[in-house]
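To keep things simple, chains are lettered A, B, C and D as they appear, and every chain counts its residues starting from 1.
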Amino acid sequence: MTQANSFRLTGTCPDRVGIVARIAGFIAGLGGSIVSANQYEDTETEMFYMRYVVSAAGLGVDAEGFREAFEPVGRELEMDWSVRESGQLQRVVLMASRQDHCLADLLHLHRSGDLAFDPVCVISNHEDLRDLVEWHGVPYHCVPVPPAGEGKQAAFEATSTLIREARPDTIVLARYMQILPPWLCAEYPNRIINIHHSFLPSFAGARPYHQAFRRGVKLTGATCHYVTEELDAGPIIDQDVIRIRHHDSIEELVRRGKDVEKRVLARGLRYHLEDRVLVQGNKTVVFS
Amino acid sequence: MTQANSFRLTGTCPDRVGIVARIAGFIAGLGGSIVSANQYEDTETEMFYMRYVVSAAGLGVDAEGFREAFEPVGRELEMDWSVRESGQLQRVVLMASRQDHCLADLLHLHRSGDLAFDPVCVISNHEDLRDLVEWHGVPYHCVPVPPAGEGKQAAFEATSTLIREARPDTIVLARYMQILPPWLCAEYPNRIINIHHSFLPSFAGARPYHQAFRRGVKLTGATCHYVTEELDAGPIIDQDVIRIRHHDSIEELVRRGKDVEKRVLARGLRYHLEDRVLVQGNKTVVFS
Amino acid sequence: MTQANSFRLTGTCPDRVGIVARIAGFIAGLGGSIVSANQYEDTETEMFYMRYVVSAAGLGVDAEGFREAFEPVGRELEMDWSVRESGQLQRVVLMASRQDHCLADLLHLHRSGDLAFDPVCVISNHEDLRDLVEWHGVPYHCVPVPPAGEGKQAAFEATSTLIREARPDTIVLARYMQILPPWLCAEYPNRIINIHHSFLPSFAGARPYHQAFRRGVKLTGATCHYVTEELDAGPIIDQDVIRIRHHDSIEELVRRGKDVEKRVLARGLRYHLEDRVLVQGNKTVVFS
Amino acid sequence: MTQANSFRLTGTCPDRVGIVARIAGFIAGLGGSIVSANQYEDTETEMFYMRYVVSAAGLGVDAEGFREAFEPVGRELEMDWSVRESGQLQRVVLMASRQDHCLADLLHLHRSGDLAFDPVCVISNHEDLRDLVEWHGVPYHCVPVPPAGEGKQAAFEATSTLIREARPDTIVLARYMQILPPWLCAEYPNRIINIHHSFLPSFAGARPYHQAFRRGVKLTGATCHYVTEELDAGPIIDQDVIRIRHHDSIEELVRRGKDVEKRVLARGLRYHLEDRVLVQGNKTVVFS
């Protein structure tokens, strides 16, 4: 939780003999103490995924120095890697429409120190949530999105500009009920996180609770995933379900679903913020 | 659990004022003691669903007498109803192919007295499970099913004849890996129970664990449902899920899935055997 | 959820033949439509528990009229009963100390209309939560509680006075970290609800997460219960657990526990507010 | 699951900088490919726990050679370590009394190849389970245990002799309803696994379902743990719970509990057989 400062080294490379020895040897060579280490060898694709957390205390280098030192190792292993300092909070743009259960939960977790991130701003297509957001001391931008046509395109351009100015590490769609245009999704690959209110791939698209009600399922759920250009089809980070019964109305499903939505989004976002999620094609490796 | 003998009165009728009073008045008029009572008013369709368990002790009638006495009440309420004596075990035909986890579990539950039913026989399209079944003292019929053509049709006719001779109340597909022809499904509406090894409607059809693996879901599940003419689309009785991780191979999914499959099938079958399931269009009311 | 107005008739009486007929007959006699009905016959104690929801539309009486009409029936059945109008919100006094996860969740559920109650005021022994509470428009009273002695007694008397003035139906200890004196508990039997941060009866008393950590359990939980004079020993309304792992520190248990605490408290409180909980000695009947 | 042959190197040692580098360097030096690697640094005790699985293919050594080569590394790190070949099945003695749900499940998992172990024999204090066990081709020894006195001591000596002759790696108490004498427990530290039918530490000792029923808990569970000389107090390997309701009788708790008992025992035993469990005082590290 509240750990001393540390560096999180994550990476993906072709699998071969000796990678762990190379990485661990590099860290030991710097006098670094490994706080936690995870690795996964995917035998199907012969790829290697890893996450190392190294205590900053005792190391003679800062994050930049750590990166410089690791650079030749990464090149040697043909690794796609990154280093993040645990104390350096990610800049997060939150987006929501009218429902506030997810947004309120994330802002509360931020405020209480239970989820470490920097909420740069909230962007909404409605005014409803301004009070809540501003009480938390977070800037609120309202960009209404018309149903279609030129106005809609302009709205997304305005939204895109706001996002760009916020220089976010991560964008969270906390029940933002507009479909982002593909060009906007493409700008932030594996950096836009959405919560979908069904157990994907069941009930993708609009009104999933209505779909679930019609089909008569006995569990309903929520899915936290990265946004790609294809709707509700991106890499899944986390999912969960709740039991429902024949006497639950659609309104009851919606109400009870909020609880699982906020829980799954908070958990998935935590994994992401702690650099526990590595994307593997259309799937994710989650070192939970 | 091990209750004294009782009558289970289940029924469905158009909703109106006074149904419960009429039913409970009828039972009180016979001097009957209500062991448990469930009812559900579906406001959308304005239909009423109910299950009453009445202690047989103290009643001056047997099941047949109870039915005769209730007949005018049922007619008056335009109710589709039935009465079953709790002590009268349902005749069940079990069907399986090669995998035995569900079948072994059901036979064990039967043998230990934890699930009350009469396993009339097992029908399989393979010989693999004969030893297990015969050790339990249950007759085993093997009807191989050729891939296609006339032989396949003949095989299902032979299967149908075996089922008919067994005079089953219920047929359980405990991982029977053939698709029953529509004419056979139609003979036993709401009486054939299948276990599908995914969380429906996700991953209907063949090889659901492979589909789940490809999609990268974080939970996988099993669904117990009534068989209709449309594959994997019948009314769902029960479902459950287990958490899976990025390092679980397909083989691991299959192995871990067995546990949830047998659990969901046993639970769904119990609901059915205890007359807790009422079909409502393509959904179920389950008085669990 | 958002139902039309209705009356909730709950009651407990000695079991005998004909109770349901008598109740349902009474309701039908008023022309009342039963929205939902639950009953439970406890065979060990031979007691009968019930909850009937009757649509107010179509009835020619208001809640008071309904009570008057039911009075002779209740007397005849020797029933301990009550009638509440669904639209009449319970007056709830919330109490908390410094941690705000439960309180913030309840206030948010109130504000969004997802949990129907009237938050009369918040009483705390600290000032920390004033901003949050007042933003929600709810009066905040701070009554510091000294460690022991006369000052402590006086503090509880002041607290008791504040409670009495608030005329609450229900008092919720949403992580109020003081032990209420027995005389105060005794004033509100089955009306004070507490959330304890362990899976009772494991780890009653102080610092349950520390106790759980020391014992090395693999699940930890939370328990929502009515407060009695014996600490953490009152009737349990609801419980839930989360999985923990060897690498979870105490701080991590505390953080992850918050999620299950707020969930269990919200769920248990909802059951209570909807008159779904009937106390049966030191246990509860919950018509969920 | 069905993996190619591999070596599992597990160990515990004082934490210091460079352990992972030393281990991984050793494996790379042998040309070994790491199939999976887990490590855990306990900051409180400053101890290091690890499990490495190394593919045997490509290594020029067998298990004995691997041990010899690792010996100086282990000494250097002051490590308590062991190496097991994945293909070498553990010899397991199963013990049970009259209830067969756990035993039948384990024998079925063995028979279907879903749990890899060598069931050397079953020891029971009753004759009831002989048929089941012998059908599985496993030797059955019945050693009745008189209530107390000399006969009881003699019975445990006979039991101990049978165990010793079986040369087990692991002993599983699959609902064996006798308390083993301390001297027998002490002979097999961290090698006797018990399933207790409650969520420990709640309801240790006799008749846990009765205790749970009296307390009115809303969840009940099962605990798989190593047996120590203190009853139901050994290191916990795994736990799980199921939801129960006010109308569940004790018999119903017992019946539903069987399902969670067999599930938790099978899972805990699997972790143990796959060398995923390292004992840490009275707790366990489980690399699941």
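Simple rule for what comes next: contacts are C-beta pairs under 8 Å (C-beta built on N, C-alpha and C of every residue); 3 or more make two chains touch, one makes a residue touch a chain.
These figures come from a predicted structure and were not determined experimentally.
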Chain whose mean Cα position lies farthest from subunit D: C
C-alpha-based rotation, subunit A on subunit B, 0 to 180 degrees, nearest 5: 180
Contact-richer chain pair [B-D vs A-D]: A-D
Whole-Å gap between the CA centroids of subunit A and subunit B: 41
Geometric centre distance via CA averages, subunit D-subunit A, whole Å: 37
Residues of subunit C touching at least two other chains: 36, 40, 247, 249
Complex interface listing, subunit A residues touching subunit D: 17-25, 27-28, 31-37, 39-41, 58
In the complex with subunit D, residue positions of subunit B that touch it: 1-2, 36, 100-101, 104, 108, 112, 114, 135, 247, 249, 251-252, 255, 258-259, 263, 266
Residue ranges of subunit B touching subunit A (in the complex, touch as defined): 40, 43, 199-203, 215-219, 221, 235-241, 245-247, 249, 280, 282-286, 288
